[in-house]
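Shared chain: chain A. Partners: chain B in the first complex, chain C in the second.
Moving on, here comes the complex of A and B:
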């Protein structure tokens, strides 16, 4: 504050500033006003995001018991972390979550890019197709998960009827670990591929047309154009889509919670489901928060690594 | 150049102003939530006025709660009860109640909670020890075992509202057609299921709850107990899931599926799916709770109206009949922050009165928790079949006397579900169930 007052004072004493100085001073003042005016909003952001995160970290590092009068914290400890690292359920949930993230994001990005390319070429009905594509994406996951549960039902499910009709037996889609994991991935891919496709379409529309004309003049075929021109130009967009998807997929909760309940056995128990179960069923808030923090740290590291590799591309976007 | 810049700046200022205005509205909204202190009344349990909030999930039929409230308000015209509808899923219900109470909320005053909650809620101070206020004469009227199930460390936390238990529902018409008796042993049930399926009299034999969730723990308890096994020792310090009895129980459950007596889909079935299969006429036998009777006799929901019989659950051959039924049902608890404990107690006492229990038992065919009402209803010729059968069954409580019961149950149902769907052997599933259960009992993950 004092410093800014000093700056103001000097600004007042100096003779008429050059246009250049005027601009800088003006910008500085605007920035200050900006901070002043946005601080209430920033305080709220801090309250609703930073505080819960910090509280979660504190709980994960304490001997915590939930009581009728809120949380009681007794001393600093790493025992919550050592407890989860030694638990086979946590290790399984971690492996499952990473595997699930890698597979669904990869499939969604490839499919989404292909759909995006097709959409961009559509001369008629692109708006309609975009609107249709948005239907799965806009559906609340809890509802789409219920729908998929009906589809995959082991007695009256339509998917089983189809398999049975074409002579593939009566598979229990949600009844065995492998098929339940695949079923859950299908439900996720159905829902989030449109998200990637729409980001890709947006990226394609923004591409400079001259480059394609130049490629055509140079005699590049459509295949060469795609690999040498479209895809490299699209990389920042795709990188952004991947980043969003990793963040969402790694924290997956609603889909397994509704579709499989984390089962069969613990086959589809993601880190988020495990954390929920530990905190809200077992009332073990220390370990539950340790799971939540571990998941956040891991996905943060994953995203930072990804950004390091794709930094240039993302900042271009 | 200059005017343009000014325009841009003023736009920015305006935008900031909007942000500030909207954020201060949010701030004001946040600040308006009141922080009430918990009261320290010493209730006599005879308050006759006031307003209380009752948190309860729908009891089988949605109208039951309001019917009870109306009758209560008629008896106590100066007390008003606000009903808050709670989630039907017991786990979701619990997490919402815990969030409210541990956050210091003074409402709900009274909450309807699962029979498996007392130890956890008692240990964490999330419910009022009702035995501090209600004399032993109050507790003496309930059917045996119910009050013991609501106890933790010598104090009773829940007042039993209605009871539930496992029943065997069977198709009278199919058994008559095939000249088969009502099964008294699990082996007989399996054999009859196979016969009915092989003779193409029905699509599936026996449907039950095999999904990876609390309901599987309930079903497993029935097989385990009739095989003579136990989940833990009396002190809840050691689990016995890798025992010969548990192996017998789970091997039999798995054999129901491998033999074809139960459909493979049973490993994903919860109560609604099993009940729907039975009510569609696609299964000969169903293990379910009390409410399955009313559903099976509702023409809009069921194709088997008038064709259903109810019996106690079977036992393993060589053990005495009937087998064991897992205890379910719901209790009434009081929020420790409630400002109206005296009124809460009036409400709870009325809910265990003959009038309320008769409404539950007679009008809605729930099993009353008060022994005298239960007997009176069962003695009537018009009593719903499950209530008559309930008078002769043997009950087994889930091992919920430990605050770590949810983790213990998870160790049971996740591993048994894995054995049922064949992704692991019975032996290794139970070995891992036992080790996870021991971790759970010591408060671990």
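Moving on, here comes the complex of A and C:
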């Protein structure tokens, strides 16, 4: 999947081979059918995603006043953006979201790759392990947030019992900013590392077996094989996993919303939580949309940069 | 004898087995805690030090979830929304995936790139404009207010998976079907679909899971209790000051069941459906 996904993104415009000339009529017909086949999907996606995204940009650039029944737009303005750029909560949320994304994605990709490598080597019980890994990944985030909230509870949480049993005192995991951020990362890593592991297993399964045989014939040890053969071949897969994870982590909402409520204070308030609060609790639609649009633009730039760098690396290999 | 057990032990305690045990513990311990706590009484939930095994075992939480709280309603709503959206995504998305894989359309690359970009967008960016639209349509507090957005947001990724799977299917059978005069729809239905089942199952599992777990739109668009889905329902159990963990965990265990069954039955497809497109890649 992974290789073709990355490469097909920009390459692969080749039309199917036309056996002979008399097909042009047939070709025109199949082109029309192609559009007929794909238009339901494209229309729905355009109506429900592209249109609201454009609308969101409009809202972020307008004077929005909330009225009794909805709200009114009055005039073009940059004030929403200047408002958020000057707000310390926005700057903190931005730094927090970037930091959180970088740390969790790094840990999850390293851990997930290791787990994927272990799973691929398993001769028996692999199916069972996959099924087990799929449970946290497919779990409702709200549920895992409640579970970790109970585990990290300051009075009857099991984590605190373990810490005090091994003489580490009685930390208030969700009570101080630093420990709340770490606790949230642990919950995220538990839930999402399996996703990376599954993608990595899928990538490993499709690697050409001959290369490994050749490496073995050449007398490469398992360490050398891993660094010189497996890892380079796995690069597109890992790139894809990183891309998906960056996107999900950057838009994170459910976990802080339920686990910490964005607190203590605003310590775990991500851009999405801040945007939600601004829109639906403070009813400041203009600023809320400006936050959402700024987050979207940043994550898009990040991903395009990442794709550019990674594609270059892939073609080097 | 002693020597033998020693080597036996050494053989068993190799790196691979150790890692497997660690992985299982890492994944399973929190799951154990979820299940065990769902069988604790209120006293057991609040016990300090914690009860490592529920004592006494109680199913009161399960009764409470369905009787005191409306978990039954939430469960039904989640099923309706997730099944409807998954069905729509697979029906519409597989046609589009086939067209984008095989039929000569201009601007395929542009379409695929735009689809990829859309699936990248943070959900928060569309929630408030969509809310306005849904509000004007009078759709707030309904099933379609979730089914339609879930369909749209899961289509891009599902089209990606299915298109890549279609690309891996050999062309010859389609060619001969065409020579025999079969229409593209007929070719798609009786030649492509049967061969693409693993890819379609994979797309289906990803879509169903995404719909089953979605929180932000469900929280924003459905405020009435009778349309709430499981994530929102569970998040709103209890009051801000008292969180009924026991009931939440009992409901959670029940909520894992449909996905658990789906994933267990189709676990082979989750990987094979993802890999097969690569044959052509």
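Here is the rule we use: the second predicted complex is superposed on the first by the 282 of 317 C-alpha atoms of A that agree within 3 Å, B and C clash if a C-alpha of one lies under 4 Å from a C-alpha of the other, contacts with A are read in each partner's own complex, and residues count from 1 in each chain.
Note that in this section a contact is a pair of C-beta atoms (placed from the backbone, for glycine too) under 8 Å apart; a residue touches a chain by one contact, two chains touch by 3 or more.
Nothing here was measured: the structure is a model prediction, and the numbers come from that model.
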Partner chain in contact with A:132 - chain B first, chain C second, else both or neither: second
Which of chain B and chain C A:53 touches, first, second, both or neither: second
First, second, both or neither for A:190, with chain B first and chain C second: second
Partner chain(s) touched by A:30 [first = chain B, second = chain C, both, neither]: both
Touched partner set for A:89, first chain B, second chain C, both or neither: first
Touching partner for A:155 - first (chain B), second (chain C), both, neither: both
Partner chain in contact with A:65 - chain B first, chain C second, else both or neither: first
Partner chain in contact with A:280 - chain B first, chain C second, else both or neither: both
Contacts of A:147 with chain B and chain C, given as first, second, both or neither: second
Larger contact residue set on chain A - chain B or chain C: C
Touching both chain C and chain B, counted on chain A across the two superposed complexes: 30, 33-34, 37-38, 40-41, 44, 70, 155-156, 280
Sites on chain A touched by chain B in the complex: 26, 30, 33-34, 37-38, 40-41, 43-44, 65-71, 83-84, 87-90, 153-156, 170, 172, 174-177, 260-267, 277-278, 280-284, 287
Of chain C, residues touching chain A in the complex: 16, 19-20, 23-24, 26-28, 30-31, 33-34, 37, 45-50, 92-93, 95-96, 98-100, 102-106, 108-109, 111-113, 115-118, 120-130, 132-133, 135-136, 148-149, 151-153, 155-156, 159-161, 163-164, 167, 171, 184-185, 188, 209, 212-213, 215-216, 220, 230-232, 234-235, 243, 245, 248-249, 252, 255-256, 259-260, 263-264, 267-268, 270-271, 274-281
Touch list for chain B against partner chain A, complex: 5, 9, 12-13, 16-17, 19-20, 22-24, 26-27, 91, 94-95, 98-99, 101-104, 120, 124-126, 211-213, 263-265, 267-269, 273, 276-277, 282, 336-337, 403-404, 406-407, 410, 414-415, 417-418, 421-424, 432, 436, 439-440, 443-445
Touching residues (chain side chain A, partner chain C) in the complex: 1-5, 7-13, 15-16, 27, 30-31, 33-35, 37-38, 40-42, 44-45, 47-53, 55-56, 59, 70, 114-115, 118, 121-122, 125, 127, 129-144, 146-151, 155-158, 161, 190, 194, 198-199, 201-203, 205-206, 247, 250-251, 253-254, 257-258, 271-272, 275-276, 279-280, 285, 288-289, 292-293, 295-296, 299-300, 303
